[in-house]
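Some structures to go through are shown next.
Two complexes follow with chain A in common, the first pairing it with chain B and the second with chain C.
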Partner chain A sequence: MEWFDALVQGVLLGGMYAQYALGMALMFGVMRIVNISHGDLVILLSLIGISIATAWGLGPLPVLIVLVPLAVLMGWVLQKAVLNRVVGSDPLPSLIATFGLSIALQNLMLQIWSANSRSLPGHGIESQSIEIGGIYVGLLPLIVLAVATGLTWGLDLALKRTRLGRALRAASADVEAAAMTGINPRAVYAMATAAAVGILGFAAVFQALRSTVAPADGPAQLIYAFEAVIIGGMGTVWGAFAGSMVLGISQAIGFRIDPGFGVLAGHIVFLIVLATRPQGLFGKALS
Partner chain B sequence: MTAVLSTHGLLARYGDFQALYGVDIELHQGEAVALIGANGAGKSTLLRSIMGLLPVGREMVLLHGEPVGGTATDRMVQKGVAIVPEGRRLFTGMSVEDNLRVAIDQAARMGAKGGWTLPRLHQLFPILKEKARTQVQSLSGGQQQMVAIGRALLCQPRVLLCDEISLGLAPKVIREIYAALPEIRATGTAMIVVEQDVGLARTATDRLYCMLEGRVTLTGRSAEITREQIGKAYFGADHGVV
Partner chain C sequence: MSAIPYTATEVPEVLVQRQTRSGRIAMTLAVLAMIGVAAMPWWASTGTIRSVLVLCCYIAVAQMWNLLAGYAGLVSVGQHAFMGAAGYALFVLAQTYGINPFVAVFLSLLVPAALAVPIYLLLHRLDGPYFSIGTWVVAEVFRLTASNLPLVNSGAGMSLRVMKDYSAFERNVAMSLLCAGMLLVTLGGSYWLLRSRFGLALIAMRDNPVAAASQGVNVVKLRFLIYVASAVGCGLAGAIYFMAQLRITPGSAFDPMWANVAIFIVMVGGIGSIEGVLIGSLIFFIADRWFGEYGATYFVVLGLMTLLVALYARTGIWGLISKRWDAPWFPIRRKLVDPNR
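And then the complex of A and B:
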């Protein structure tokens, strides 16, 4: 029962990681950009959300409703103002630009919010739990998992069935050929980053609800997103989701073995996958 | 008569390597023109330059008399120019239908008007209906070429650029693909066809340009140019113009 409980807790933790990883998988899949500022954007959005909640006395749901459109706008501006200037066949310029952005964002957050940890008041939702088959499961992690599943399903469906989704997949397959059908690659890239950062809007609210956030927390979130995407397979939406589950379960089992071993267990699984199947569990091998 | 598309002293280069040296060509309404020449003559570079895939001077390419040189590729499509690229460049990992829908989506977004629809394309290439759900990478070379042509047609072009559409295909498949060209021309679409097979180029087009080392070495009516003239222009023994 103890190990089954660890498995359940791992899946729930994976739900949180999936919200970090989806946006990264989308940006990498479409533009081949590894956004180093990914984690800092989560923390920035969390801190903005906490400030909105404090200033206007809002609960988590209204904060989410305000924050997600704001995140979409932020992503669109980020791509138009910064990333469109550095995106290309060489991944190094975008890597350097997002690394610089990460440092700038951390300092900006320190300037505005100081180094103190903060959290979003959940009005009790963060401490509620329900019993399922003899195991107590937190209500908030369940909501996080349900939202992560919904976001993954919605993103996958949008990529397959919508005009923008087809344009994103076409640009991902061959950006020059996509332009030959009338697709404006830079407009499509802006939409992809808007969607990716929009998803981070959800992650930001849940992150601030389940724990505290501080300006220096971004790089840790980046590592989890990166590991989940690598484990699942770069550029696949359900692969990122599955990679998040594997990472969450690895950490939860690691925590049961030894409380200090949890995070390391996740890193070890990541390294094993990287060494034995570099394309990820659900990615296709490069020919 | 104003040309639908023309180039004027077109220069193009890849880094330090100059690929085109002042190329002048013209294409008129509903006309099919062949571009022939040996490998490295600059035929594909010419199409890529027209399509905005290489940086060229604004006045070097005119579309309906409007300078469009160096215009972004997606804007050229919006202006009514589409390309069937060398190597087909299909969207792998996507089905035949999704590859075609990408073009339909963009044509709708841009408000492009024309007669090409999915059912009409299925009449032209019935196999595309049968293989609608098949991933494009699973198709034969000929079927992939039909998807590439279909994708370009669904952009509703007034000018269609075809780069080596017979390359690597069986003779029967080449005949099948070339049999579709008259129907495409019947819609008023003007075409430039890059073709290695000189015989095919002469029978399928109204006029031809022969290129050698980044220059046009021969031009004239396809039916009137002799094989001897083409031979000289193709291999560089005589750079005379008919």
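And then the complex of A and C:
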């Protein structure tokens, strides 16, 4: 029963990680870029959300409604001002640019919000729980998981069915051929990053609700998103979702074994997957 | 199909020029500087020696990162894993097993070398940018392992108490010699490597790995060797740095600050050149002493400078200088000179 409980908690934790991982999978799939400031953007959005909530006395839902459009705008600006200049076959410029941005953002947040941990007041939602089959499950983690599933489903559908999704897939398969058919790669890239950071707007609200955030927390979120993407298998949004579940379960079981072992257990599962199935658990093997 | 007749063309008599006047001046200055560092106990205070030691560690770590990112195309953000590993190995060998610490410095280099092999075999499966985050995960794994390992006193860290058996002067002599040796191995070794046959292969690989492979360069093997060499170089810097600190904890040993330092120095100074590393190290060393007190604001500026260099001036300061004046300090080109003209 104790292990079943860990499993359930792991799946719920995975819902949180999926919200980080989707954006990373999308950006890498389309541009072959990893944004090192990915986690720092979550923390920045969380802190902005907390400040808005305390200044205007807003509940979690209005904060979400303000934050997601702001996140979309931030993603668009990030692509236009920085990433469009460094996208290309050489990974160095984009890594260095976003690495510098990450250092600057972390320390800027430290200046504005100090090193204290803060959280978003949830007006009781964070402490409610419901009983399912003999174990108590928090209402908030269930909502997080439901939103993560909805975002994954929506993103997958948008990529498969919409015009923009087709343009994204075309640009990811062969950017020059896509450009020849009339697709503007830079506009498509801006949309991809706007969507990726927009999803982080959801992640920011839930992260601040379910635990605390501090300016130095960003890199850990980046690493969890990365591990989820690699464990699941690069290239598909459902792969990133499944990888998040595996990472969440590994960490939850690790925490049960020893509280100092939880995060390390996630890293070890990541390394085992890399050693035995480098294409990811749900990825297709390259022939 | 008949074979195309090959007529032997007359090879003109030329000389291969490999050293320049600027290079000879710089080499003389570099040798003098190295002797100056080795002779520090006789002219510098203990405080100065510590400062120079930190500067030497910056240079060594930055050059190791430069070798990886600037030539092998491997962008690592986790080289501090090997600094911490060698630092811990030194403390365990010297403090726990009682081996002479100045011997243990060299023995401790076996640890990053042995760790780098399986780590590279795992991480090279990751594509470009994912490789970088992978190196970061490895550094985190090392930090968390050290925090849970009773052999290294878990999260509480270790102290190098055996150093009190040596007088302050003896320690200063050892530190100065180790610093000079570290510069000789990391900078001198890189220069020697770049001037050798491998240097040609490395530069070909930097410019275009696919084209280099088609010319017979074993890119896979060369990348692996560079990764291991860089791990050992970072390990040497780590062992020397923590020997001077006399104390090591998981947080200080595996501090991502070193990745920031290496990336800032190399990108601002100029990637793919030894001159750039020297310029960048001096700038960072001076900036750290002058502006370090501003804390977070200083790091915001540092981060933005790294971002701007990546966006607008990818060759860094040395790239701008060498575009204007053709006077390399460490020339690696082969120039053909016709003696009859």
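By our rule, the second predicted complex is superposed on the first by the 285 of 287 C-alpha atoms of A that agree within 3 Å, B and C clash if a C-alpha of one lies under 4 Å from a C-alpha of the other, contacts with A are read in each partner's own complex, and residues count from 1 in each chain.
By our rule, a contact is a pair of C-beta atoms (placed from the backbone, for glycine too) under 8 Å apart; a residue touches a chain by one contact, two chains touch by 3 or more.
It should be emphasised that the depicted structure is a prediction, and the values quoted were computed from it without experimental measurement.
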| item | value |
| --- | --- |
| Touching partner for A:Q111 - first (chain B), second (chain C), both, neither | second |
| First, second, both or neither for A:R32, with chain B first and chain C second | second |
| Chain B versus chain C as contact partner of A:A178, first or second or both or neither | first |
| First, second, both or neither for A:H267, with chain B first and chain C second | second |
| Touching partner for A:A252 - first (chain B), second (chain C), both, neither | neither |
| Touching partner for A:I96 - first (chain B), second (chain C), both, neither | second |
| Residue contacts on chain A - larger count, chain B or chain C | C |
| Complex interface listing, chain A residues touching chain B | 163, 166-167, 169-170, 173-174, 176-185 |
| Chain A residues touching chain C - in the complex, by the definition given at the top | 28, 32-34, 36, 82, 85-86, 90-97, 99-108, 110-111, 219, 222-223, 226-227, 230, 234, 258, 260-261, 263-264, 267-268, 270-271, 274-275, 278 |
| Residues of chain B that touch chain A when the two form their complex | 51, 53, 72-74, 77-78, 82-83, 85, 89-94, 98-99, 101-103, 105-110, 112, 151-152, 155 |
| Residues on chain C engaged by chain A in the complex (per definition of touch) | 69, 73, 75, 77, 122-123, 125-134, 136-137, 140-141, 144-145, 147-148, 256, 260, 263, 267, 271, 295-297, 299-300, 302-311, 314 |
